[in-house]
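The data blocks that follow each hold one structure.
Shared chain: chain A. Partners: chain B in the first complex, chain C in the second.
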Partner chain A sequence: MSVRIRQVWDRLFTVLCSGSVGLLIAVLLLFLVPMIVKGGKAVFFRQTVEFRKMQRDLFGRGDLDSLHEAIARTGQARQEVLARIEQFGRGIDTKLLSDEAKDAYRKYGLELRYREVSREEYSRLRAAAKDIRDNFLAALDSTEEAAANRFLDQVDLHRDSPEFQATAVETFFTLSKQYRRILDEMDLAHREEYAAELDIVKTELRNLLGPLPGESTPPLPQDRFGATRWDVAKKHLHYLLYQTKWVPGDSGDGRLVKKEIRRDDPEAGLFAGTELAPLFSMMEKNLERMLEPEWTVYGRYFLDDSTSGHYFGGVGPEILGTLVLTVLSMCFAVPLGVLSAAYLVEYAGDNIAVRVIRTCINTLAGVPSIVYGLFGLAFFVLIVGRPCILSASLTLALLALPVIIRASEEAIRAVPQSYKEASMALGSGKFRTFLTVTLPAAGPGILTGLILSLSRAAGETAPILFAGAVALGPIPDLGLKFRWLFQPTRALSYGCYDITVGDRLAMRVPHNQFGMVFTLILLVLCLNIAAILIRSRMSKKLQGM
Partner chain B sequence: MKKRSDHSMQTDAAAGFSRPLRLSAGQDLRGYLTGRAARTLLFITAFVSVAAVLLIFVFVVREAVPFFKSTDAAASLSRLKEFLTRTQWFPEHEAHPEYGVLAIIVGSLYVTVVSLLIAVPIGLLAAVFLSDIASFKVRQICKPVIEILAAIPSVAYGVFAVMVAAPWLQKHLGFTTGTNALNASLILSIMALPTILSVAEDSLSAVGRDIRQASYGLGATRAETMIRVVIPAAGSGILAAVILGMMRAIGETMVVWMASGNAAQIPSPWWDLSQSVRTMTATIAGELGEVPKGTTHYHSLFAIGFLLLIFTFTLNLISESFLSRVKRRQR
Partner chain C sequence: MDAIPKRSNATERRGGVQIGSPKSRPHTESAIRPEKVIIRASGFSLFYGEKMGVSDITMEIEAGSVTAIIGPSGCGKSTFLRSINRMNDLIPRTRAEGLLAVGGQDVYDKRTNLVNLRRQVGMVFQRPNPFAKSIYDNISYGPRLQGIRSRTKLNAIVQQCLEDAALWEEVKEDLHKSALALSGGQQQRLCIARTLANKPKVILMDEPCSALDPLATARIEDLIAALKGTYTIVIVTHNMQQAARVSDRTAFFCLGKLIEYDLTDKLFTNPSEKSTEDYITGRFG
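On to the complex of A and B.
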């Protein structure tokens, strides 16, 4: 091979090698950046007045006076929109109008009864009123504009007759006037379509502004408030403004393409030219005044309990559960791990027993985490009696054991032989030397291992799937005579799984889905960075700096 | 072991030393017994991990055996054969439940092999970079990055696969579903990389300087030295790295459960990565929560767990033998 080619190949090799490390760093960033940016939105976001209402109602915090002021301000901004949607709804949903018509007829009957009229007069007027009512209802039912107008003409015939002046029958005339106006603007043939779209518009309005006036308070907390966050509000505003339609594409092969049409678009929009049309531009223009968004740091996210499906609130119980599980598992694993490591370093020679022990530790480290889950179910749950914190943390302890043993072994090995020799020379035995000299000297190293296995245990999901983690449950009541040991608990890792693929409701709040993962990653990262810092300080100390 | 029988130690030099250097018989015995007791205690604690491995095997087998148990040995054997060779996995079928685990094993191996195909070259090249190319400073920066990559919980990777990677794949590569073999393999390769990288780097560093210098002295470039000399010399350690990465990938649960699509089928054509597969771990994780205890389905899941245990145990023994070869060479 010529020298030139060899040189090029050498360069290429170097580039490839550094490129793969660069790729690794890029992968890490590619993973961390979206997770942290999206998850951070659970904590840093623009809150709306609905968020403040929710915090007040569900968590009882926030200043009531300023909240009332804000509600009054936003209420004013919302007034016109809400009035408009109600008005338009009457035209589409004829049930309201027909109910009013029937009501007026009934009222007129009562009025007649209290008036001094003869029997014939009574039945004549009553029949006339009935005629008006039937005509009006027929107008409501007819699907053609001409026919509807004809019926309305019949109604209006009586408008000027003096006998109905100042009676309940006059209601019919105002109703007919209203309905005429609706007929002018609306194509009756599309009434069904209008009704369907109006339903969507109403749902989106509810999503934005909370329950519409006149509706009762919904039982589920997630329906009680409008858009609590500005990013969510903008999403719903888009749904409100645009209608998605599947239309034949330009390619001409009959494939449908998705197209978004603005609902008040003068040419294609369904609501163009109707009374509702101004609502959309109004919403677009005034949404900020209706919701009053402002930047906020929702620090209580890490402490708050959540409503069902993590729709509102934070990850407090999950963090608590994870901490309890991991700390308890460390209580089991650390003494065992450190003592095992002490045996392997200080006492064990190279015999069969030690080799078996080492093989077993390696095997333990290699056992898939789901098999730990199986074992936890088949053994610890069997012993303890039910899936609970105790069985879950025992399972995690077993998982963390090999990590701790290896780390402690390394740390103990790193203690200079001279320390031990000095202690021995002073007459203390092997075990005493270990307890009073080696262990303190190896302390930081063991601590590093402990922190790393803590972070591993905090992130493991598969072992606790069947051993005591639940997605929804009461917060363990710590303190109560160790009863909490026998309760199941929520945990961050299991919560992350559940909120992403298990919970339908949570899928509507991606910021909370990412927020939980963000919390878990943050926890693990903090633990790891702490471990890295401790280790670097230690290595400096060993170098005598 | 520390009997002080030497009387000549007792001299006036220790006049200022208040404690008598000579131990009484009782003290001596006590010291001896404490030492023995401590030794025994430590041995017992060290034996806990052995006990744990035994317990894991015993209890997983105990729950798996009823699945194969039948009227006689021949029937049990045919049951086992059916379990391992059939591809139909319909444990919840009312009339004819089927427990053929072959498609699931193939699924596990499939994502594992694909992820290794991605992870091994990258991991090996990166290991070469860290052991032979990078300066001390660069290494100091790269190490924590790799540690963090290894520390990120698998469920977080799973969420990434479902919520970020899957929509991206679906949008840009035109797959019908984003949760498929490719997605799972990509994420698994990220998870296996740190393991492969660190073990491979250790074994590359274990190859002596003299070998490298001999190669350079003969006029070889760095690329030639690494490829022709150092990597072959570190061969068994690198194989161990690959096997450890494989164990990591085959035992991983949350990522494959969330990202692989969980369809119990053998991909056909075999190279079609856009198809959904199902792995052993995902089958256990997905179904164990819902089956009543003591049913055939329940025991069949433990049988899968036992298979998994055997897989990893074997791989572990192989990697250990490779690593011990590396260690022997170091000495």
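On to the complex of A and C.
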């Protein structure tokens, strides 16, 4: 082969190698950057006044005076919107109107009783009022505008009669006027449709601004506050403004296509021309004044507990749980792994049994993690008695063991024979030599195995799925009575999984979903950096620096 | 014979090799008085599996003397040396035959306490191999193994050994710095000091100067001269001048056999074997 061809080969090889490294970095960035950007939103985001309310209510943080001021300011901005939705709701949901009508009738009965009237007079007036009431209720019930108006005409007949001046019956006339106005704007035939859409609008308003006026405090904390984050608020605003509909497409073959239509769109929007129509543009224009978003750094995210379902709060318990699980599993796996490796290298020699064991270990390193999860369930959980931290970390330890054994084996094997000879020649036994000479010299290599398996143990979901991870559970108190060992725990990997599969959640708290991944990456990074620092100090010492 | 009276039976059992067989009976002027014998090999062989390392070695080494072992590469010098404190045990499937005794104690006896043996017979290796610990910890490693914990005692031992190994002046300032930061020659002297700390009777040195420059070599040789008398030293070397300079007696090994063993002056000036002469005159090898 000529020198030229060899040069070309060399060049090609260099290009290939650097190309693959470049590709690796690109993939890594492609993978990490979105994670970090999306996850970073869990910490850096625009908070709203609802966030401040939540922080005050759930964690007792923040300045009360300025919060009250903000609530007053935003309350003003919200007022008109809230009034409008209430007003409109009456037309759709006639229950309110009919309740008021029934109430007025009852009141009138009481009024009559305290007035000095004869028995005949009493029955006559009462019957008349009853007649008015029934007419009004009939108007509410009728589904045709003409019929409804006819019933209302019946009601209004009595408007000028002096008998009812300044009595509760007058309420019927105001109600009738209101209802006439609603009838003008609304197509009675679509009342059901209005009601359904109004429900959605109301839900989204609740998601944005919290419970609507007149509603009682919801039992679940996640329903007590509106949108705490500006990005979530914008999403809900979109749901509020637009309605997705399946309409015939342009292709003319009758195929349906999905289309987003503004609810107040003059041509297609359901609420166009109604009393509610201005609400949408008002919301769009004034949302910022209603929520007062401002940039914030939510550093307590890494410490705070969360409400159920991770609507609010942080991932403190998850971080603690992950740390406890990881550290505990390493506590189980490292001594066992190093001892096994020491045995394999120093004592076992080389025979068929040892070779079989080695093959088994190598195979174990490649077994899918869900298999470990099922094994943990079938073995550790059964032995310990319940899914808990102990069984979960034992399962994780089992997962980490093969990697640790292999790395330690290589490291112990790589310790120069001359070190061991030096120690032996000074009269130290085999075990003593291993402990004082071989182990320190193999330390950096063993730590490499630890780093590899630590990241894996911290990030795995499947092994702890059945063995002790929960989405909502106690926080390990790390007390000396070790009761926490027998409790399940939360973990970052499992939490992320839980949000992702819980269909409603992933949509409402994407920041938490990615926040957990982000935190997990940070945590693993920190653990790794710590281990790498220790390792470099160790190997520096070994090199005499 | 008196030095190891109990051994005679065992020797017979092992193949009937008579201690002090006429073949290696030294010259009259080089004869070692029986009570001065510290290491005694008699028909000693060592095998690596099926392969022979050394075979049928019979020699006696005088207490307090310096004995050099020379010979071509692969002739079994290291093998023999490492047999004396059983370092060969670290190699799987080694097997010894015949008798090898240190201070009247059969080395390859099953009941021999290896820890005690290696404390008595220290070893310095070809390449300096200090532990990746501080100078202080390197030297106190042996004493600590023996259970000496007192700081003052350890301090005294460290200083004494470093002075004995002619290293004290150079390192007294940084006793707690890593031993790996020393130069090769310093490291080798440290290894000698480390061996001295165990207060051995015998020091085995396997080509201690092969990795060192002439100056460092000279220092080690001075050191050997200074240690002579207090310690019995057996040194393997490829350097004939060195053997001639430092040793009282010299043994010439070839192909796993002891060819000639005599006073150094005699062996270098007037060897009785032809192959010895060939080797030391450089016509062989």
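The working rule: the second predicted complex is superposed on the first by the 374 of 545 C-alpha atoms of A that agree within 3 Å, B and C clash if a C-alpha of one lies under 4 Å from a C-alpha of the other, contacts with A are read in each partner's own complex, and residues count from 1 in each chain.
We take it that contacts are C-beta pairs under 8 Å (C-beta built on N, C-alpha and C of every residue); 3 or more make two chains touch, one makes a residue touch a chain.
Computed from a predicted model, the values in this text were never measured in an experiment.
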Chain B versus chain C as contact partner of A:G349, first or second or both or neither: second
Contacts of A:P440 with chain B and chain C, given as first, second, both or neither: second
In the superposition, chain B vs chain C on chain A residues touched: B
First (chain B), second (chain C), both or neither touched by A:G429: both
Chain B versus chain C as contact partner of A:K420, first or second or both or neither: second
Common interface positions of chain A, toward chain B and toward chain C: 429
List of chain B residues in touch with chain A within their complex: 1-2, 31, 34-35, 38-39, 41-43, 45-50, 52-53, 55-56, 59-60, 62-63, 121-123, 125-126, 128-130, 133-134, 142, 144-149, 151-160, 162-164, 190, 193, 197, 221-224, 226-227, 244, 247, 250-254, 258, 281, 284-285, 288-289, 301-302, 305, 308-309, 312-313, 315-317, 320
Residues on chain A engaged by chain B in the complex (per definition of touch): 6-7, 9-10, 12-14, 16-21, 23-25, 27-28, 31, 34-35, 335-336, 339-340, 342-344, 346-348, 353, 356-357, 359-364, 366-375, 377-379, 398, 401-402, 405, 429-431, 452, 455-456, 458-462, 465-466, 493-494, 496-497, 500-501, 510, 513-514, 517, 520-521, 524-525, 527-528, 532
Touching residues on chain A, where the partner in the complex is chain C: 349, 416-429, 432, 436-437, 440-441, 541-545
Sites on chain C touched by chain A in the complex: 85, 87, 90, 92, 114-119, 122-123, 125, 127, 129-132, 141-142, 145-146, 178-181, 191, 194-195, 198
